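Read from first to last, the chains carry the letters A, B, C, D, E and F; within each, the first residue is number 1.
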Amino acid sequence: MNRMHNSAPEKNRFSSQSVLVDKLLRNALSEDIGSGDITTSSIVPEEDISEALIIAKEDFILAGINFAGRTFKLVNREVKFKAMKRDGSRIRRGTVIAEIKGDTRSLLMAERTALNLLQRLCGIATLTSKFVERVAGLPVKILDTRKTTPGLRYFEKYAVKTGGGCNHRYGLFDGLLIKDNHIAAAGGLKKAVKLARSGGDNLFKLEVEAGSIKEVKEALSSGADIIMLDNMSVDEMINAVKIIRSRKTDVIIEASGNVDLENVRVIAETGVDMISVGALTHSAPASDISMKIRR
Amino acid sequence: MNRMHNSAPEKNRFSSQSVLVDKLLRNALSEDIGSGDITTSSIVPEEDISEALIIAKEDFILAGINFAGRTFKLVNREVKFKAMKRDGSRIRRGTVIAEIKGDTRSLLMAERTALNLLQRLCGIATLTSKFVERVAGLPVKILDTRKTTPGLRYFEKYAVKTGGGCNHRYGLFDGLLIKDNHIAAAGGLKKAVKLARSGGDNLFKLEVEAGSIKEVKEALSSGADIIMLDNMSVDEMINAVKIIRSRKTDVIIEASGNVDLENVRVIAETGVDMISVGALTHSAPASDISMKIRR
Amino acid sequence: MNRMHNSAPEKNRFSSQSVLVDKLLRNALSEDIGSGDITTSSIVPEEDISEALIIAKEDFILAGINFAGRTFKLVNREVKFKAMKRDGSRIRRGTVIAEIKGDTRSLLMAERTALNLLQRLCGIATLTSKFVERVAGLPVKILDTRKTTPGLRYFEKYAVKTGGGCNHRYGLFDGLLIKDNHIAAAGGLKKAVKLARSGGDNLFKLEVEAGSIKEVKEALSSGADIIMLDNMSVDEMINAVKIIRSRKTDVIIEASGNVDLENVRVIAETGVDMISVGALTHSAPASDISMKIRR
Amino acid sequence: MNRMHNSAPEKNRFSSQSVLVDKLLRNALSEDIGSGDITTSSIVPEEDISEALIIAKEDFILAGINFAGRTFKLVNREVKFKAMKRDGSRIRRGTVIAEIKGDTRSLLMAERTALNLLQRLCGIATLTSKFVERVAGLPVKILDTRKTTPGLRYFEKYAVKTGGGCNHRYGLFDGLLIKDNHIAAAGGLKKAVKLARSGGDNLFKLEVEAGSIKEVKEALSSGADIIMLDNMSVDEMINAVKIIRSRKTDVIIEASGNVDLENVRVIAETGVDMISVGALTHSAPASDISMKIRR
Amino acid sequence: MNRMHNSAPEKNRFSSQSVLVDKLLRNALSEDIGSGDITTSSIVPEEDISEALIIAKEDFILAGINFAGRTFKLVNREVKFKAMKRDGSRIRRGTVIAEIKGDTRSLLMAERTALNLLQRLCGIATLTSKFVERVAGLPVKILDTRKTTPGLRYFEKYAVKTGGGCNHRYGLFDGLLIKDNHIAAAGGLKKAVKLARSGGDNLFKLEVEAGSIKEVKEALSSGADIIMLDNMSVDEMINAVKIIRSRKTDVIIEASGNVDLENVRVIAETGVDMISVGALTHSAPASDISMKIRR
Amino acid sequence: MNRMHNSAPEKNRFSSQSVLVDKLLRNALSEDIGSGDITTSSIVPEEDISEALIIAKEDFILAGINFAGRTFKLVNREVKFKAMKRDGSRIRRGTVIAEIKGDTRSLLMAERTALNLLQRLCGIATLTSKFVERVAGLPVKILDTRKTTPGLRYFEKYAVKTGGGCNHRYGLFDGLLIKDNHIAAAGGLKKAVKLARSGGDNLFKLEVEAGSIKEVKEALSSGADIIMLDNMSVDEMINAVKIIRSRKTDVIIEASGNVDLENVRVIAETGVDMISVGALTHSAPASDISMKIRR
């Protein structure tokens, strides 16, 4: 197996057996199956058994194979699903990713839901891996954002991690991130930071968004743990990094805004610690994967 | 207002007030908000009121503005959401799409979920409209598929329709579509059609997938109402259309498989009635949209 | 086994293992069990094991035996439920339909919910079979309607099919049926049909309700695939069938309205293709079935 | 208004606004509407407003009018629903039961679900009222059983009460009722009663099922508060009542088993206090009710 | 094993496998686990297996061990949970209550939820047992009330029973209890009782709250089955019991209001049948219990 | 108004209008109301209107008044609920906390659920405020733990904050806390810290549990942001604080384990930054509060 990255993908918070996953998969299944598969049920006998293969139709990084397997299980616990590749593997077109055996009706009913999820997650992992490759050798991390598909964040953050990226905060509840709107509401950056620090929330690191060198300095002096350089030019970023590093060595620097595969390496070379990329989850094209029944 | 297409987008089955929509939006909101917005709640006073604008950061076709509005309402019924543009409109970069007024906390808590959904739906409508434009003047429809994001089919099929496309069957439950696996299980195309016709299901039109001229002929003689030309070359399609039209004038012909903006017009010119495009929903990049609080 | 009809009941869209079924059965169980079975739990020891029989107390057509079995399983997975007869079988009074073995508490807690469902479904299948018998030898199908018990449509449509009937559209989402109210809203039958045909919905057959010969003709010329003769006299129906058949051979004709066991054969003899009967699901008396614990 | 019975129907536990009701109605609505009303949405403009009438097509006792109203509200809160008759009223064929005003789409989407529920509940109330009329003048109550439609017990028990009947225990959780199976498991009627009395459950009245005079005597001496005469002949019942009344004046006597409109008065004349009738809920034919849009 | 009381705790309505229990435990688990255990998943390998012990850190009465076990199972069905003690047992500090074996991640994810529930239930059982001990030898029962933790009534009533107490009515739906507010609304105690008796509800015993000797007499003459002496002094209670017993021997007398471990025996000695204690469920301190992983 | 603390209680993440809150309150309501309030519905007319007061029966700190209000609203939106005191206020026995007006049935149905929640939250806030008072003048925070009641964490953490305490991490998902089990699984404290730091999780502060001076030193050198002194004696804590402060000034020190009102000040005087107290949520006795209907 040819793994994309050093941090093993199984070292993450995501489990294919969680209550959350089952709820999401059941919703997706009932969206497709609804009041029943009228084609299959009229043609395929209930007792008909098949073997099927899940096959890559193009190259990609595998992500979500166990979620796909779980989808089949939720239609019928008796279905056997055997993953032939592990998440994080680099898959070549034509590769058999999984072998499935069970009653034909269940296979056909789960097929599209399983593939729709899998295609999407592989697409995300693959795009992530491209960003990661572009910055190879540099001490920088590629991060996701909260710009995920509604309802699928759990899966999509998993795919980013599987593709070699790292996860930014999961939601509004597990990270302090002060943005322009917060600063305006508080009446200034320092006031905002002070308010956020009150109430026991010094248990969280505090991230502050800065859109200019002036704001970077203000964030720095107010005691931010992480400073996000928001939509800055590369020159501004170089300047910001220099200022921050010269004053405080343990502040984490994040670059954000309009990052693409063209500019990511230049941004990385500014010396920032992390680069967050919304496109990883909101604009990754799906990977092409199909299921084929063997008879 | 500059509408994309003739069929008014409000002529569809999708409502921004359905039980289904609320359930999906609530799930998405709780995914982001979870145990609370720790940044906003520590900085923004509960009674603080703001006005905000939703602004286009690039050109696109608007889709889902009422779903976005509903998202804000679900966080706080008191929030006023005023759509400045209607779905289906061609939006220019910089346009204000909606004005929102309400307590600042609710605005910030709903922001990302509403935008994540809106960005995705506008992306789909925009891509759909591009396909529709490419075939302008030809008597052909652009259709979606079941390759939608798990859990979001209702929204995504709406976006396709808003972008000027049409909806193929919603799921396994509302259309008879015989594929290769069904044919194999039945032991032949004709047997499969006969089985599907038994049991009252002649209330549905019957679609049969054909991968070769031989199968097209077989489908035709077995009485299919719709024939899907699956992954055929343009020459094969031209041939298939000629054969079908010469024998039976009211059979609907669908082209499917590897359709892109480059080849869609050539495919349309073969004389098929409908072209289905999986990429509309599985690979449309998100439109860039943001929310700005005015102070 | 003495089967009611040719189309095997297992050739249908309904599965006793679907997510939908479990949800409905769990709701029904909790409706009956609520905060616990106070009688049984105070009298029957937790470890007490029993065998029980499900017995017919009158003649009927069996429908729903696997749903009944699933009900017991949902109370306790360890319960063994063995169906002695298959759905669609003609059952004689006194026949043992199923044998159950498990802890007595679970058996008593599931009993009423399982029987309430089974009694109702057998009642529907039995009434359906009577209608089917009345039209024996004629090329006509007996159909159900949407007049089902709220929440039980999945089960009740299954029972109709098991009794030898066919299923009309499942709900508002999987069939185009233009009724008087639609015609009035559109400003005429032809306008209504034209609107319904726009937007890709030519993937569905189009059914039009006609209450008079005039409307039959209009429906015919507007291109309806199915024409429903609504509440017509037998003479009108004969006339309507003649007109339709003379003009277009492949239009499906449905008779609807006030059909009962007395008049169904006469209606069938008019030459219609399908007769829909609301009473199948809204007024079928329950079959008498009981559970007996053997000690 | 001509009321069926003295006990006002609003004196009951059932509310048309409870969480329970909304959940059940939402399930029923989504069962019918699913992914959208494809006919109405393609024909009726979103802004079209209609007035509609709910009209009796035969005579019955009204039950459930507010549940019907709630159904429309759940589709669209803006719909105005005005009940013209109160539950418990004797309705004549042709009577307008309710006036509705709102957008046409919502009216057509809610119509069938509302009517399916209403028809069923009126059917139950009507059948109940017939039983109540048959025993007019006698000091006896007509009771329902747990033989209700799975998922609809709340509504059906309401309909029984509205028709002039009384409610037996709601489920396994709110009444102690010792049946043959409990007696067998305990090793005798007295042992069963003793077990049921232990553990604080003397807060409930204790009902014991007796199938013979011998069991009646045993139940009596063991201290039962209520004795159910199960499937006894009229002569046996007369004898049982005499024995019970002679020994203990405050024991409540219930007759149960194969009660119909023919024999209910004879049974009532035996002097029992209550007669329970499963058919009230499991075999009542639906009342004929329709919705008509006025234009 | 040293059992607290005679009535075996398994003789109750509560099951560790009910639909209700699973729903509550799943909610509790997702409250703690949310989007994933970020510490454990980054440190403990997915395949790591551990054995763990649940250990008493102080003396208490065990209650809820099977609910704790179920919690682990819901995180991962493969986890083996072996209860070493039965509910109702008197546990000594240091005792191993359960042995668990499974993958370390699941053990750590379920730990807190399982312990939080177990600690609370043991606390309730232990406090209940203290009240029961105080009245040892007297013919009186210790009852719980409806003053339970929102969402946990099922578990807490179980714990009371396990601690040797009895359960009062479960909720508003399974017991008639007329309080001062009902009396005021009805315009007098007798009117209230008469209303409550109408409508078939003589199937329930009727309890009336009395705050004075005058009300006790009124309740008695109106035919109450149970009289609750509400917040009376011991002298008043003695008087009330004398009056009730002299007139009607089978009326059940309940004492309620400000009962604590100091005064419970004196109250019991007044001759009442039952004493209800809100503190059992609303103010019992948690028992100290921990989980230790053996390596 | 006499506020307990400086940090305003409305500066928190908890809202009385969230989706989460409604779900929890609805569950609690249906637990109590179930199939209906049989007493109230038989006695109190549907149209009867009442005013009611919520009254303190002892002294406490108010917490959760808006959650109580929401409970009434969920039973009937028409009910008017007016809080007379704000959360965080010191309430004296006899004080009217809220005035309610609405239909009597709804008031009686919501009463117990609203009070059960309110009593519990006031109890927690009150106990928290006592701990806070004990450490008055010292630069230390009182924190809660994850030892909350299953299903009520959102409410209970709110109550702690309202009582003047601070919130520790909400669950397993929003804080890195390495405990002994993690250290053992990783094969040493340093390895555990290193693993936790990998994968982007340096966005979280890292807390390490230390049970000895040796472990404190190890945690310090491995780069922990927060060190928890677990179950140490006061002397050990003094030593640990000295060591930590001498080496690294910005490490946060938490004391944990067996903290009570007696020892909390001594612990605070060791110089730790935070003291976490499980008893705040698992063992706070309920405050005594009642609802009185005025007539």
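The working rule: a contact is a pair of C-beta atoms (placed from the backbone, for glycine too) under 8 Å apart; a residue touches a chain by one contact, two chains touch by 3 or more.
Just so it is clear, the structure is predicted and the values come from calculations on it, not from any experiment.
Any chain touching chain A that also touches chain C appears here: B, D, E, F. Chain C is reached from chain B by a rotation of 180°, derived from superposing Cα atoms (nearest 5).
Over half of the residue-numbered contact pairs of B-F are shared by just one pair in B-C, A-C or E-F, which is A-C.
Averaged C-alpha coordinates give centres for chain D and chain E that are 33 Å from one another.
Averaging C-alpha coordinates per chain places the centre of chain A 45 Å away from that of chain E. One simple way to say how far apart two chains are is to compare their mean CA positions; for chain A and chain D this gives 53 Å. Spacing of chain A relative to chain B, judged by their CA centroids, is 23 angstrom.
For chain A, residues that reach two or more other chains under the stated contact definition are 11-13, 33-38, 42, 45, 153-154, 170-171, 173-175, 195, 198-199, 204. Residues 7, 11-13, 141, 143, 161, 165-170, 173-175, 195, 198-205, 207, 226, 252, 274 of chain C are the ones touching chain B in the complex. Residues 10-15, 17-20, 153-154, 170-171, 173-174 of chain E are the ones that touch chain C when the two sit in their complex. Of all residues in chain D, those touching chain A in their complex are 34-35.
Put simply, chain D touches chain C in their complex at residues 24-25, 27-28, 31-40, 42-45, 48, 50, 104, 108-109, 112-113, 115-117, 119-120, 123, 146-154, 170-179, 181-182, 184-186, 192, 195-196, 198-199, 201, 204, 279, 282-283, 285-286, 293, 295. Put simply, chain B touches chain F in their complex at residues 26, 29-30, 33-38, 41-42, 45-46, 74, 76, 105.
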